[in-house]
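For reference, the structure discussed in these notes is given below.
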Amino acid sequence: MRLIFIGDVVGRIGRKVVCRELPRLCERVSPDLVVVNGENAAGGFGITEEIFHELRDAGADVVTLGNHAWDQKEALVFIEREPRLLRPLNYPAGTPGRGAGLFDTASGKTALVINAMGRLFMDPLGDPFEAIEREVEACPLREACDATLVDFHAEATSEKMALGHFLDGRASLVVGTHTHVPTADYHVLANGTAYMTDAGMSGTYDSVIGMDPAEPITRFTRKIPTGRLAPAKGEGTMSGVAVETDDATGLALRIGAIRVGGALEPALPSFWLEEPAEAP
Amino acid sequence: MRLIFIGDVVGRIGRKVVCRELPRLCERVSPDLVVVNGENAAGGFGITEEIFHELRDAGADVVTLGNHAWDQKEALVFIEREPRLLRPLNYPAGTPGRGAGLFDTASGKTALVINAMGRLFMDPLGDPFEAIEREVEACPLREACDATLVDFHAEATSEKMALGHFLDGRASLVVGTHTHVPTADYHVLANGTAYMTDAGMSGTYDSVIGMDPAEPITRFTRKIPTGRLAPAKGEGTMSGVAVETDDATGLALRIGAIRVGGALEPALPSFWLEEPAEAP
Amino acid sequence: MRLIFIGDVVGRIGRKVVCRELPRLCERVSPDLVVVNGENAAGGFGITEEIFHELRDAGADVVTLGNHAWDQKEALVFIEREPRLLRPLNYPAGTPGRGAGLFDTASGKTALVINAMGRLFMDPLGDPFEAIEREVEACPLREACDATLVDFHAEATSEKMALGHFLDGRASLVVGTHTHVPTADYHVLANGTAYMTDAGMSGTYDSVIGMDPAEPITRFTRKIPTGRLAPAKGEGTMSGVAVETDDATGLALRIGAIRVGGALEPALPSFWLEEPAEAP
Amino acid sequence: MRLIFIGDVVGRIGRKVVCRELPRLCERVSPDLVVVNGENAAGGFGITEEIFHELRDAGADVVTLGNHAWDQKEALVFIEREPRLLRPLNYPAGTPGRGAGLFDTASGKTALVINAMGRLFMDPLGDPFEAIEREVEACPLREACDATLVDFHAEATSEKMALGHFLDGRASLVVGTHTHVPTADYHVLANGTAYMTDAGMSGTYDSVIGMDPAEPITRFTRKIPTGRLAPAKGEGTMSGVAVETDDATGLALRIGAIRVGGALEPALPSFWLEEPAEAP
């Protein structure tokens, strides 16, 4: 199976680059499953129903969220009727929406997608390890689904890498979000789980995590907020990750970075794009 | 000028890969300045005098540190006689050692190297922005030195990116350390400063930030420490960044990742390695 | 019913003052239930089986713990055979010991005692509000027990006060521990729950939270640990709180501070000590 | 000298109780210096010029602030013309206003008043120990002033107690603010500095740190904000501390709590109120 995950879409610039580049990429590589983190899609803060559909139209089979899930209050309502919008699993019982779902792909496969939030340096939710374990045990890879993809929205690299190893052999992909910076540590772990500490954001990197630098710099240097945080202007980058799984096991064969547009060094999953050498 | 920065060397595996690969790389590309972060070089915790010289012998012109600076108590003593060992600048007045230094390169240039620590999600030191500003103003790029390299040892991506923009046009390179994960967001900012959120660690990536995964997983899932953290076994990766500056301005022309060995996708600064097309 | 709660016993000085003053106080006021927090009883860090029995002999019906519960590794073992030693309820499933218990008093009553840990500015455990709610609902005050006492081991005053109001009318006493400073805000909330943000520690107040001031001051001013934290020397204070409940409802009628010995202004529950005016 | 310090005035209820009780108390005990923390005086968030004058009229010689200093933007402006309004000393250079001042009392004495902010579990400012040290060294007790009062606005009890011992013998009073809960640990330290971990807030204690409990409880239990934090309704308590210094040394002879009105057990500095036994 071919899995694509795109990191936190930030504001209009993020949506623009994703809506332009994701369909193009999907057309080239025909992924089985596309998951997009949309927690910052509405002006940097949360998501609206309209924007959710925009991301769906661009190719997202499932949209995940994070600590900004509820910045737009309407998300608390429309998430109830959108099974393809996931919020972190480890919110308290009674929170609107779901944190995991089993989805049928167009190619006739099934994929378990989980969204959870870390706790180190973040607002404390329920234990993400325990919550994810429960979902994964209830729907084991290969026995009950063809792929398992976990979007772990967390700050600390240690918590993310620990989750990767915790799930190694039981998930197809563990990918981090939230720091808004793509990492270059993507690789397949010893037991077959593809891992990447952070998918990066989809937005402009001429910024401070997607936002105009002036206000963050003021806050760091003067310690007095002077205005609001607003998405930076500039050219957007779509940032994410591509994973090829083994149909027999659901585990990962290859993982590669996706970076299209903007200031960063471009990257595409070459293993899906390079033509095999032609026979003479 | 050619600048190389290598991220946090973790334990024996980290030292081994750096001592094997750094001399090889230096021979190929003849850098003007090599800086290595050594805060985890001694078994994951701090640095000894012997290890400092090991890193120097491997090619490091300057060694920087971080929150683990003093894990080996001897560092508090020998740092006083080693001007090429820097600890974070924003430690309180009276802290042994220095946080910045002006160094002559073998090529006859001078480089200002600064090591500072972030405060978000970290033990609060003095204001890094103010402290760095003071050093940079006292020794302005091009007027008083040919290159300025800042190792910003920090957790939060926002603080690191804010510092990058804060120094944009006044430093050759702002590179982060501490998260032990290389980022793929290296690029030259609008005013000429090369920036990378984290250089990554030099150690094994089959690990939790360089450490054996068992104990970190236990701590996250059981919340009771059962043993000590120890460096993981496995193949090491040397991880860092390469920057080409413009001799006329001291600002950056190109930036590229360095990843050699181990589990990660390899990367080398192609702009120093590709042969120019020969004249016909 | 008469409830007594004594805050974190710190080291030898704390044990000494509690073992001297608690029996004396119990003799004077004949409490129905005495609960003592013992998380720092062993040299400031954790508790041993021997010390647990020392506190029991001094009059503690139940001993509670906190973030230092496991500093002495033997506690992980002997807690399994000591139903009267409680550790925070919201540790992960599988943690040795229990976080709540229903205890028969010598006076023929039953009391539910709960120990839980806060999450704000602390290592994140499970949700304490939800965990406590479950215990309280399973054993409602007056229907299933005569008194409910909650030791909420937490840092932030806001989290503690929120828990007080959350349980108001459903618990006899919500008392905080962990900050090692007694608060003067004890009062009966609107619906009958006695509340005190922190019981204070039992140890010497010529100290930094029970510890010798030299090392903490060094850590705050120099940011480099130079030695170990050790309990301060000096005269001890037993610090805690006394609550009189209404036998008909299990709710609180009166609350008063207990402070005996050492540097602090002494306090005793005058409502148990003042002789009623004699008939002429 | 007689020093009075009143803790964080919260909203209308806090102002009401202070404006009613402080003049009454001042009339009874004729203090030499009255300092009031006003960081929450405007609806719980910051201070306005009008409210500053209200507190001055109620008897405050000096008003101190904290992390909420700038919640009302006008404070950034009018603080420049109000030398009797202090903001934390360890804000970055260039911050409007001052963090310390030497004030003449009506009784012809001089008092150094310092406001500083802690860093543990708070937004990191400059080192408070170093900043306070500088002020105290520049204006030593007895040599350059008759009393030194420090309002240390901090979260952690350890940091507050460490500052108390750090200044012991060099200040008349070190009193904490910010947690909004009065502590019962007031005593004179070994070298003559009066110390109290927190003065408590002036507002209603039928609340969560002065605020209506509903929203804080929702945030702790549901992890989704549903509304704004607003001051609770109820009867107010004026909370603070009284210190008698030795005119010869500037150090403290006695310290006592002030709690007037509302739900808490009342307290007044008995040493100023009890009539000496009359001569026969």
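Per-chain residue numbering starts at 1, and chain names A, B, C and D are given in the order in which the chains are listed.
To be clear about the criterion, a contact is a pair of C-beta atoms (placed from the backbone, for glycine too) under 8 Å apart; a residue touches a chain by one contact, two chains touch by 3 or more.
Please read these numbers as outputs of a predicted model, since none were measured by experiment.
In summary, the chains found to touch both chain A and chain B are C, D. Farthest from chain B, judged by the mean position of CA atoms in each chain, is C. Centre-to-centre separation between chain B and chain C, using Cα means, comes to 47 Å.
Annotation: 44 Å between the Cα-based centres of chain B and chain D.
Inter-chain centre distance (chain C to chain D, centres taken as mean C-alpha positions): 28 Å. Each of residues 92, 125, 127, 130, 221 in chain A touches at least two other chains. Contact residues on chain B toward chain A in their complex (touch as defined above): 121, 127, 129-130, 155-159, 161-163, 165-166, 179-187, 189-190, 197-198, 200, 205-209, 213, 216-217, 220-221, 256-257, 259, 263-265, 267. Every residue of chain B that touches chain D in the complex is listed here, in rising order: 92-93, 119-120, 124-127, 130. Listing the residues of chain C that touch chain B in their complex gives 70, 76, 91-92, 94-95, 123, 125, 221-225.
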